[in-house]
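These notes are about the structure you will find just below.
Lettered A, B, C, D, E and F in written order, each chain numbered from 1.
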Amino acid sequence: MPIAYLTRRTVIACAHRLYSDALSHSENALLFGPCAYENFHGHNYEILVTLKGKIDPKTGILFDLTQLKKIIHDQITLPMDHRNLNLDVPAFKTLNPTVENIAVVIWQALSPSLPKGLLFEVQVFETENNIARYRGE
Amino acid sequence: MPIAYLTRRTVIACAHRLYSDALSHSENALLFGPCAYENFHGHNYEILVTLKGKIDPKTGILFDLTQLKKIIHDQITLPMDHRNLNLDVPAFKTLNPTVENIAVVIWQALSPSLPKGLLFEVQVFETENNIARYRGE
Amino acid sequence: MPIAYLTRRTVIACAHRLYSDALSHSENALLFGPCAYENFHGHNYEILVTLKGKIDPKTGILFDLTQLKKIIHDQITLPMDHRNLNLDVPAFKTLNPTVENIAVVIWQALSPSLPKGLLFEVQVFETENNIARYRGE
Amino acid sequence: MPIAYLTRRTVIACAHRLYSDALSHSENALLFGPCAYENFHGHNYEILVTLKGKIDPKTGILFDLTQLKKIIHDQITLPMDHRNLNLDVPAFKTLNPTVENIAVVIWQALSPSLPKGLLFEVQVFETENNIARYRGE
Amino acid sequence: MPIAYLTRRTVIACAHRLYSDALSHSENALLFGPCAYENFHGHNYEILVTLKGKIDPKTGILFDLTQLKKIIHDQITLPMDHRNLNLDVPAFKTLNPTVENIAVVIWQALSPSLPKGLLFEVQVFETENNIARYRGE
Amino acid sequence: MPIAYLTRRTVIACAHRLYSDALSHSENALLFGPCAYENFHGHNYEILVTLKGKIDPKTGILFDLTQLKKIIHDQITLPMDHRNLNLDVPAFKTLNPTVENIAVVIWQALSPSLPKGLLFEVQVFETENNIARYRGE
């Protein structure tokens, strides 16, 4: 049974600002520049969720895509799409919604709904130039 | 002197929500759905500014690209990038920041800084699926 | 009331082959080459539907996007997505499903469901290199 | 001698349907939905073939690109492009042409024509949202 | 007979520099900045050639794509691809190879090989941010 | 402290030709074809620089993006953008500027300016079809 990788891409539109409560106001302004502006800005976040596992010889698939789409919809799209990450998403109440942390939070949201060991990587494109990946390490 | 079109692409990241003061709360919710959520969401807006004019035989250009980049930076990027369209951009204090209206507002912001008749089209990609164009009509 | 253009992008996956009943078998083979192979091939067709109209000052929109998405879903996605254009789509029973004709057929399918005069253009990307547009002319 | 990765992208247009002979008709319909429709649909498959190896200090290359293009053309484009994967490609006579299996089959087709150990990964984009990778594991 | 638009995309890789003999050395440096550097730089130019015409009811096509590909190959790819526009392409011996002028030169190169009135537009992407179009005006 | 990957994308426009001094003139012509043409051609090189490291719990970032952008600008954009790789970039005086070697040279240029162990990968897109990666191996 060959081991393959299956990736599903989803796009969500969110508002956010970068601001860490562990830093002073001027440290935030210095480190994050315009990303720290008070009234939020936003992005179309492209999210690539990758599973790694054996291809089932009976079906030819690694995981049921309909189920994967439903898990991504329920765990990511519903709570995060068209939302303000800082104000609406509990995980970012105390966590700065940097693109690195967004990748970690999406991993944590998806992981419990997937068979153990299947989730391989979460990649997040904040813009065409800024990209983060998290592999559960 | 051949007449050509010159397009410059720029990307800005903004928060916004769709909400018209001329509609009731429930009319807004019905018409705009998740786009009307109270705490804003956001997009990477791709903006394509197109000029139409004669190619100068001496220089081979339609318009100085350095100048065009400066005009776009001063009139669009500075006031709108990493901003909340509803809260930070005066034009949207009374205007709903739909992708159609964003194209119109960008046209109005650029037009006075460009030689009369040169601006041909403003195109705005809100997402890869939603696009508006305005040609000053 | 400014006049703007609003474009909605949709992707459908179809099988097809290029074969005209008005041509002989060898004329088809000569003109269409591998596109005429008997067992069909396929494409992810990117479809851009563009409306042209006045922006309603009350709502800030040219046309209700939810409605536009439903019309595209009902008239295009349901009958054509994951289908064989030659075998499953009545319009192509007698019409060769070239990218030019696909643009015309999509125009004809959408037009009756939209307010008169609103539909401006249907653009179809067959591949990243082959694109057709139809404007009802 | 530094070790690098070299990737070549190719696009092929194929018809296929997802249907496993090991499943009943209704199991296929349930698992694959519209992908199981009888008359086939199709995709523009983007294929990224990645080699991993030492950069030859004399030439500065990892592998001759002209040769790699010929191998991909002979082993992948000729037998699969503008073809029906289920009907025309022997490997899929008994194998369901899922995007996972397509990556495996392309690996198996390329591998014998390349120096041992050089092929690192085959990545297949079925759509912009569904992607598989195979690394010979 | 419906009137449609057919677009073919091609990519060529060229070296060039922007330098007008009608300007002094310092005027060139001022106007074109790094684009005027002496030893050339280069781009992957994406070229979109658009024809406008009637769809032949017998074949379903506007123009034979095999022929269009051959004309583009002979008139554009052969003389310009992997070439230095300033040094290798006669048209740019006296003409500054700006993206505007490249669009005009491609129009002039293609036009004599196509039926009169069929060529509608040549669009040239110099980068993802700088684009020119020429329509024979 | 989760370990993540952060990628920054940059585009530079360069002229180059493929020509190895260790090969004869005809060997170069045979191996590199049009890429060996004497007067250079060029590309828009897309460069993806990836760091791998721990996310700082205080700031939520892996590395200061402003600093990363400055390092890329100083080490890559300033010496290479709008330049001729063969003539203007010292590293390619004796090294053939293949896409593989460009990835290695960019790694070597960035590495001394970054904290030890942080740089994970340099990926270079020469065209949409030819891509190299180097990971310091």
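FYI, contacts are C-beta pairs under 8 Å (C-beta built on N, C-alpha and C of every residue); 3 or more make two chains touch, one makes a residue touch a chain.
Just so you know, these numbers come straight off a predicted model, no measurement behind them.
Trainee: Would you pick out the chains that touch chain D and also touch chain E?
Mentor: C, F
Trainee: So which of E-F, B-E or A-B is the twin of C-E, meaning more than half of its contact pairs are the same residue numbers?
Mentor: B-E
Trainee: Taking each chain's centre as the mean of its CA atoms, how far is chain A from chain F in angstrom?
Mentor: Taking the mean C-alpha position of each chain, the two centres sit 28 Å apart.
Trainee: Roughly how far is chain B from chain F, going centre to centre by Cα mean, in whole Å?
Mentor: 34
Trainee: At least two other chains touched by the same residue of chain A: list those residues.
Mentor: 128
Trainee: Taking chains as nodes and touches as edges, what kind of graph is this: line, ring, star, complete or other?
Mentor: Chain contacts: none of line, ring, star or complete; other.
Trainee: Going by the contact rule set out above, which residues of chain C touch chain E in the complex?
Mentor: 18, 20, 22-23, 31, 33, 95-101, 103-104, 128-135, 137
Trainee: Could you pull out which chain B residues touch chain E in their complex?
Mentor: 2-10, 48, 55, 57-62, 64-66
Trainee: Name, in rising order, each residue of chain A that touches chain B in their complex.
Mentor: Interface residues on chain A, with respect to chain B: 11, 13-16, 34-35, 37, 39-44, 81-84, 87-88, 127-128.
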